[in-house]
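Have a look at these structures, which come just after this line.
Across the two complexes that follow, chain A remains constant while its partner is chain B and subsequently chain C.
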Partner chain A sequence: MAIFSVYAVNKSGGFIYQYDNYVHRAEAEKTFRYPLDCVLKIHDEKVVVSFGQRDGIRVGNALLSINGLDVNGKFTADGKEIIEYLKDSTNYPLSILFGRARLSSNEKLMPASMFHSLFAIGSQLSPEVGSTGIEMLETDMFKRHCFQTLTGIKLIVLTDPRQSGIDELLRKIYEIYSDFALKNPFYSLAMPIRPPPQCRCWASPCS
Partner chain B sequence: MTVHNLYIFDRNGSCLHYGEWNRKKQAGISKEEEFKLMYGMLFSIRSFCSKMSPLDMKDGFLTFQTSKYKLHYYETATGIKIIMNTDLGVPNAKDILHQIYSTVSMGLYVEYIVKNPLCVLGEQLSSDLFSTRLDLYIRALPFFSPRAA
Partner chain C sequence: MSRQSNRTTDSKKMNAELFTLTYGALVTQLCKDYENDEEVNKQLDKMGYNIGVRLIEDFLARSSVGRCQDFRETADVIAKVAFKMYLGITPSVTNWSPAGDEFSLILESNPLVDFVELPDNHSSLVYSNLLCGVLRGALEMVQMAVEVKFSQDTLRGDNVTEIRMKFIKRMEENLPAGDE
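Entry: the complex of A and B
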């Protein structure tokens, strides 16, 4: 799927809408014997690999499940601390799934609001007169397009780098936003948009 | 099509070199503050890209563009960062920045260190030879055209 996510940020930097369409997150499951050969550490309430990259398990990958049971932050599904559990040799051999950590909505909120400030700094550091903020940011894995409306709402779309036609998509999303969110008499401006479950209009331009 | 300016930072954030060719608008703050702001912005963009990325990234952040300029970014394994602001007509300049690093920068960087054993790494490169060579290289680029002032 070429479009990964759609976000909307209001003019004070608050998150008002998100839609994610990730298909495949890189994950690797392996069976381990005692002692474990990667070094793990606790980071942000999750257990991540800090050393010992090999075979699809990369530094920064989080521990997602042990023996098929999803872990709960620092604790296993049974409530035991993971680091202590892994030090005990009687629990081995066991199979552990490592992968990119799925971001909670709080964790998505921080980068989205950070982007709001970076957008303004981009326009301040401009060597040319009359520049807007960052409209498109490119990496080797994704492209991030940002459309700022006249009222200060930023519509952000994360896509595959080869995807084209995003300007039209952003205009269409703006049209849908003004038709369904702004014309809704129960919607307060700059508040998070929660479409009712029956409403699939937001999702359709992305498919 | 033109190049506006170029920054070179080391891994601690101190600016090693800054060159300007066609800059129309100054940032309104002192040069030191501008370097710090630029470095801070790029540091935040990099960490932000690694969090947002749906798959593990190989090279990381490459460029960003606004309505008036495009910023190209290149980072080496030792933490040296080269940033070039150009106008929108320039396609991906990663190879050019790599060339700047390997032939102009490394060539002269090594010479500079060898010839001056007392010079401190992390201070601004004050070698005239370096500035001239870099200036000539940028002017020779196919997309550089000096605008009438």
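Entry: the complex of A and C
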């Protein structure tokens, strides 16, 4: 997937919309026998690997699911504490999925607001008057494009570094926002958007 | 600009008469509910404001005009692009004040008032006051505070419909980051 995520931030820096599309490439599922040879610890309400990197399981990867059932923080799907569950030899053999920890909505809120502040600082630092602010942030793994409308809404798209045509995509997303969000009279401006499941206009691959 | 649409009807092909009828039904119902022309005018302005704050995003998304440098450019964009896009009419921009902060939009025709005749007991009703609210709301979202009112109205016996727009101030506190 060339488009990883789409976010929308309102004028005051609050999150309006988020959509994540990335394939979790950094996931590894393995069947384990007692005793577990990875050392796990609790970090930020999640169970992460602190020692025992091998076979695609890396230090820092979070425990995502046990036997196919997604875990809930440091508890299993049926409410048992994971660390205690894994110490019990009668539960084995079991299959555990490790991977990069998925961010919760609250955790995404903080970087988005921080980006909003960076954006403001960026335009103030500009040597020329009338700068538009940060348009693109490039790393080796992804590019982060930002488009600020005249009304202060910021549309942010995370894409593959090789992906082109993002300007057009941002304009299209703006059109879609003005249609589906604004034309709904029950939607209050600057409030988070909860898309209905069938509204996946920008989920289809845009190339 | 083509866009993907799940709707079967293109909005531009909607019957203009249905639009006139809808607006007429709205105004008459408001008159019945409030029984006071001034109150109805206020309500129409409020409704127009709510439409305006949303319409501006649609307008900016579809027309891709950039930020206007001064009030004259704003007037031109409103008359030649916005009115054309939404009502299919192109009003003329005239009567600029000496300071350049007030102008008039002269509308030869107004799709909202097709076939409408104001009865005598509604002499102070500003039938198309929704338009004033729309303009006010839309410009407020791009950080311009304006005052909009009808100074002439064909429904009340004048020759043309004239909307007077006055620039109040630029709203600096709502400015998005980076726009100076």
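Quick notes on this one:
To be clear about the criterion, the second predicted complex is superposed on the first by the 161 of 207 C-alpha atoms of A that agree within 3 Å, B and C clash if a C-alpha of one lies under 4 Å from a C-alpha of the other, contacts with A are read in each partner's own complex, and residues count from 1 in each chain.
The definition used in the following text is that a contact is a pair of C-beta atoms (placed from the backbone, for glycine too) under 8 Å apart; a residue touches a chain by one contact, two chains touch by 3 or more.
Small disclaimer: the values here were computed from a predicted structure and weren't measured.
When the two complexes are overlaid on their common chain A, residue A:130 makes contact with chain B and with chain C alike. In the superposition on chain A, A:111 makes contact with chain B only, not with chain C. By the touch criterion defined above, A:141 lies against chain B but remains apart from chain C after alignment on the C-alpha atoms of chain A. Shared-chain residue A:59: touches no atom of chain B or chain C. Once chain A of one complex is fitted onto chain A of the other, the partner contacts of A:83 are absent, as it touches neither chain B nor chain C. When the two structures are aligned on the shared chain, A:150 is found in touch with chain C, with no touch to chain B.
When the two complexes are overlaid on their common chain A, residue A:69 makes contact with neither chain B nor chain C. In the superposed model, A:122 lies in contact with both chain B and chain C. Of the residues of chain A, those at positions 122-124, 126, 129-133 touch chain B in one of the two structures and chain C in the other.
Put simply, chain B touches chain A in their complex at residues 4-5, 22-25, 27-28, 34, 37-38, 41, 44-45, 48-69, 71, 85, 87. Residues of chain C touching chain A in their complex: 1, 3-4, 53-58, 60-62, 64, 66-67, 141-142, 174, 176-180. Against chain C, the residues of chain A that register as touching in their complex are 11, 116, 119-120, 122-124, 126, 129-133, 148-153, 171-172, 174-179, 182-183, 189, 201. Note for the complex: chain A touches chain B at residues 4, 22, 24-26, 58, 60, 100, 103, 107, 111, 114-115, 118, 121-142, 144, 158.
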